[in-house]
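First chain written, first letter: the chains are A, B, C and D, and each begins at residue 1.
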Amino acid sequence: MDFRSKPGDDDGIVSTMPVRAPVFDPPFNVVRASHVEFGVRDLTAARAFYVDCLGYLISDETRDALYLRGVEERNHHSIVLKAAREPMVDTLGFKVASEEDLDRAASWFAQRNLPTSFPDVPHQGRTLRTSDEAGMPLDFYFKMDQAPSMLQRYAAHRGARIQRIDHLNCFTPDVQASYDFYADLGFRLTEYTATDDPDPKLWAVWMHRKGNVHDLAFTNGRGPRLHHIGVWTTGALDILHICDVMATSGYLSNMERGPGRHGISNAFFLYVRDPDGHRVELVTSDYLTVDPDLEPIRWSLRDPQRQTLWGHPAPRSWFEEGSEFAGVPQREPMLAAHPIVAR
Amino acid sequence: MDFRSKPGDDDGIVSTMPVRAPVFDPPFNVVRASHVEFGVRDLTAARAFYVDCLGYLISDETRDALYLRGVEERNHHSIVLKAAREPMVDTLGFKVASEEDLDRAASWFAQRNLPTSFPDVPHQGRTLRTSDEAGMPLDFYFKMDQAPSMLQRYAAHRGARIQRIDHLNCFTPDVQASYDFYADLGFRLTEYTATDDPDPKLWAVWMHRKGNVHDLAFTNGRGPRLHHIGVWTTGALDILHICDVMATSGYLSNMERGPGRHGISNAFFLYVRDPDGHRVELVTSDYLTVDPDLEPIRWSLRDPQRQTLWGHPAPRSWFEEGSEFAGVPQREPMLAAHPIVAR
Amino acid sequence: MDFRSKPGDDDGIVSTMPVRAPVFDPPFNVVRASHVEFGVRDLTAARAFYVDCLGYLISDETRDALYLRGVEERNHHSIVLKAAREPMVDTLGFKVASEEDLDRAASWFAQRNLPTSFPDVPHQGRTLRTSDEAGMPLDFYFKMDQAPSMLQRYAAHRGARIQRIDHLNCFTPDVQASYDFYADLGFRLTEYTATDDPDPKLWAVWMHRKGNVHDLAFTNGRGPRLHHIGVWTTGALDILHICDVMATSGYLSNMERGPGRHGISNAFFLYVRDPDGHRVELVTSDYLTVDPDLEPIRWSLRDPQRQTLWGHPAPRSWFEEGSEFAGVPQREPMLAAHPIVAR
Amino acid sequence: MDFRSKPGDDDGIVSTMPVRAPVFDPPFNVVRASHVEFGVRDLTAARAFYVDCLGYLISDETRDALYLRGVEERNHHSIVLKAAREPMVDTLGFKVASEEDLDRAASWFAQRNLPTSFPDVPHQGRTLRTSDEAGMPLDFYFKMDQAPSMLQRYAAHRGARIQRIDHLNCFTPDVQASYDFYADLGFRLTEYTATDDPDPKLWAVWMHRKGNVHDLAFTNGRGPRLHHIGVWTTGALDILHICDVMATSGYLSNMERGPGRHGISNAFFLYVRDPDGHRVELVTSDYLTVDPDLEPIRWSLRDPQRQTLWGHPAPRSWFEEGSEFAGVPQREPMLAAHPIVAR
């Protein structure tokens, strides 16, 4: 039985799918997913995890914040860790193509009665703080302090030798609404999961701006919540190595799922949880998606190889747990579904 | 809590362990685990699995048998597939150091009232057919037809690029008895699992002749049965690749466990089942064990990292299923234990 | 001594460099380097090299042409091999973002008195055939026949498991002119080599559209000629494997340079020559370049790590030989320089 | 043209070769090559190289000595660095199978009028200090202090994650004599290079005790001198990584040869020079050689793939330079030959 609809299939389902043509002239130009701000209860523990174990580089450190980047990143930070009473996510950061795009973005959000402000953000230029219609907090900026590229300072590569941030993956109570919102902003669909109803519903979507499988993904679930950030490694052996390191240095219980190969996106992955429960996916090897006529790949929600090509079910925590956005109320999901759970 | 006893630990448990000093002057000289003969119901299906999927090289093919070897093997075969009505194992093959060792072995087994014969075996020289005290069938030989090494004919490497046979792993109803039997033959213990009783019992043993972690391992269970053969790959990426191949070419359900890292032996592994259910472990990266004073590593049966350093439980089938030896009655195990099972 | 100018350096040289701000609103939208048409004298020999050795997939085969693609490519072809009397390159193919971009491109080239035509090209939609000011033949198209993605049909991956085309690298007699031409078309500079004169000259440039280090590169030399096409592999081990395969299956003399690590682009590489002398670079692991404010990296022509981070000089052939474009006259380069040659 | 004689070839040359059957009952039982003592002029510089760059673990450190081991080694040291006025090698260490073997060894060397003594050696048990007939200093011991295995303390693995010492490779003025000497001690030949004369001469030999291609190798050259020690890594990517590290952290000129694939032994290799010029080969992936009837592979001295399967010539320094043994006079080699030199 073939659950997947590959480009060229003509099975009559795609045509009824609520999947639209890409928007090539969006109201403003988002370049890529850029960074995340994690609230953490114990900066020392968070530092041990991200820096000493995973190998993140420190760009700056203050009394209550730590700014981290991967080895190829010249942007000052792709993860900000901030001291907080409870674990939460302050904001998801996106880079836009110019200062003018910031103004266009501000108008666009304001027109939709979404909150807009331009707070001072350390190490960033002008930053638009807003949120999407589900309430998910978003920061848009064009300029960020630049740091030396450490890509060819190999002696400083540690742990998983993480190269860069790759994507943000979120729970949303309404995948169709989230898809529509970001599709309007020019995010292009590359793969999606749908139910097999006569009237099929979107269960999850993977959307990109930068040219690989995704900058942003949404899955049906109580939300908005952040499911995970995805961070790129050069190859699968870096991911196997960090498994060995975590398993033998006190982080065994932080290994949540994997390593394995996703059916969706073809990425080799490992999901880990930081000391505050924030989820990080180490990921490598998806594919190029810049062609404007690239047809999205549809996966059936019932396809067991959708999540793991090799057939390993994910644990319940992976389906249910996520990071809350600070002060953002959540709603229950539109769809009830029963994914295959490990235990 | 530390479940492991490393060399140098002095926790008072090792001393009560039924673990003996190695025998350096065995009655005859076994060089290594050499081959296995699998009875298979459908040679065509078996060939598709071993040759087309895993990438084994064919040394010879008759109407009812297929002789296979890995890319570095000059010995004619390390797996023999024979047409059979039911899946089973005909014999486990070991190479000895000389023709004289064969005669010494024959005497030794005969003295213990174990069966001995010298049947004609294709592609092998004089072959002693016997069995151990649990009834497990054994073939010892010195000479085998030699085949061209394909190690540097890289264009012929396919699938998992399997290099060679590494070890044989068996269920035994009495681990202590099996350990004692093979220890007498000069097999040296490298790692073992024991219960945590005041009077600790052996649960599993890993023993070698050739200088890495094992040629032969025993686990407590209904037996004698073959649990699996272990076959060597150059690196972990060959194992990840065969996961991808199997998962997308009709062999998904043949992937039983892994990939993962064993705590025991430190090997990176994948367990697969052939179309008849015979289990093959693809394995790489253990360590050198030739030092005569290498102290065995003890693992507690309760140590969750014993089986998988990364914490993944094995499926029930992995604990319970194995290949029967043709015509050999089985006994229930001495110990009852409850390993951590996935589902 | 530090030959490199990294972003943030302020050594007074960058400012005098003939390097311009990127053009973000080009006259038409080129998506990426797409394909190449190689004239080959012996299709059977070319097929043996590209398909049997390197592992390219065949999309179509006619009496005098072979259409090839990598395992992730859904575009029908990224290499076309055509029977020809002499080795040469027919055209370099680029994908544009829409049919309208083709018309905009045709106008733009016509305005510059460059030849434009719309020949019928098998498996492609409307195709603009033109050339740049140096005479280098260019094909632009939007639509191409789509073929099944083989990315997750791993059993069909062979040889170097080439994923996709990555870039085109050309000799030009005037690097500054070529840089200016393609910069106007929106190609963005990521790295460049310059002389150390008080009035520094561009020696080589790397420019991209798709978001990694390059789609198109130019080096000072007799031209226009194609230096090589770059094709992407998942990791370095695929490249080491193809070294082993080529070295032991009759292609030893086709291995021209590498494997090694480029200083420029950080890519791990191997240069091979096909039976007609066309050069193919197998390459992996550069970095993301989508940020509009990414500052180009300057390398001194005298920096020995520019070409190979590990210090291995390239052979003379690599500096001097290239593929001619069919019927296109060549000019000697503007700059005379003396790179470090192996032998 | 095929330069190699593989097992099964019947070309009439092997029979005239001065290559003998292995000695299976040697006068004493050498287990393996164990360690080397390097005299270095600057312990701080040596420590930076071995520990900070290559990733060796420190077992002990005194004012004038540093004891190092690889991550899987439980023996206290495999490299000893000692402060010295000039770079030199104090001794090559071999482990024997028992204290009795030490006494048998002492008798054997004494009978041949070779020097024998039992000096106190830190961290080692009784140690026989002697030399071979060429004057090469040898230490034999059975017991060494044991250190914790760090194999599964992955967070401590750094640099090339060196696993263990693999072999010692020496220049000898008389390869035939050295071969005969160590063959008598039970070292088994696995591969060798010979001239193509009607009366062929041995040019180089690879001999083992522990079951892979070699513990000890000899090459024709002014000697005795140590050419290099070989140290084992888990895979080729560890070697590529250390290339990147060395090339970008001040050790570019210490990279002498490689990475590449040896024809002989099939090992993937990199040769580096420590700050005193001592040569270390990082090496991985040869093959199992425990079979007593394994036929040695003969390579012609004229075979260009003998040294590097991929055809890269070695630099002159690699052929000519080596480490002197403290106080040991050298002789010019018996054979004059002209290997293929890079530059």
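Observations
We take it that a contact is a pair of C-beta atoms (placed from the backbone, for glycine too) under 8 Å apart; a residue touches a chain by one contact, two chains touch by 3 or more.
Since the structure is predicted, the reported quantities are computational estimates derived from the model, not experimental observations.
Between B-C and C-D, more C-beta contact pairs are found at C-D. Ranking all chains by how far their C-alpha centres lie from the centre of chain C, first place goes to B. A separation of 43 Å divides the Cα centre of chain C from that of chain D. Chain geometry summary: the mean Cα position of chain B and that of chain D are 32 Å apart. Computed centre separation for the pair chain B/chain C is 50 angstrom, with centres defined by C-alpha atoms.
Of all residues in chain D, those touching 2 or more other chains are 152, 235-237, 244, 247-248, 309, listed in ascending order. Listed in rising order, the residues of chain D touching chain B in the complex are 6-8, 24, 31-32, 72, 74-75, 95, 97-98, 142-143, 146, 148-149, 151-152, 163-164, 210-211, 234-236, 263, 266, 285, 287-288, 290-295, 309.
Residues 236-237, 240, 243-244, 247-248, 252-253, 255, 259, 261, 268, 305, 309-311, 342-343 of chain C touch chain D in their complex. Interface residues of chain C, counted against chain B in their complex, comprise 53, 152-155, 235, 237, 241, 244-245, 247-249.
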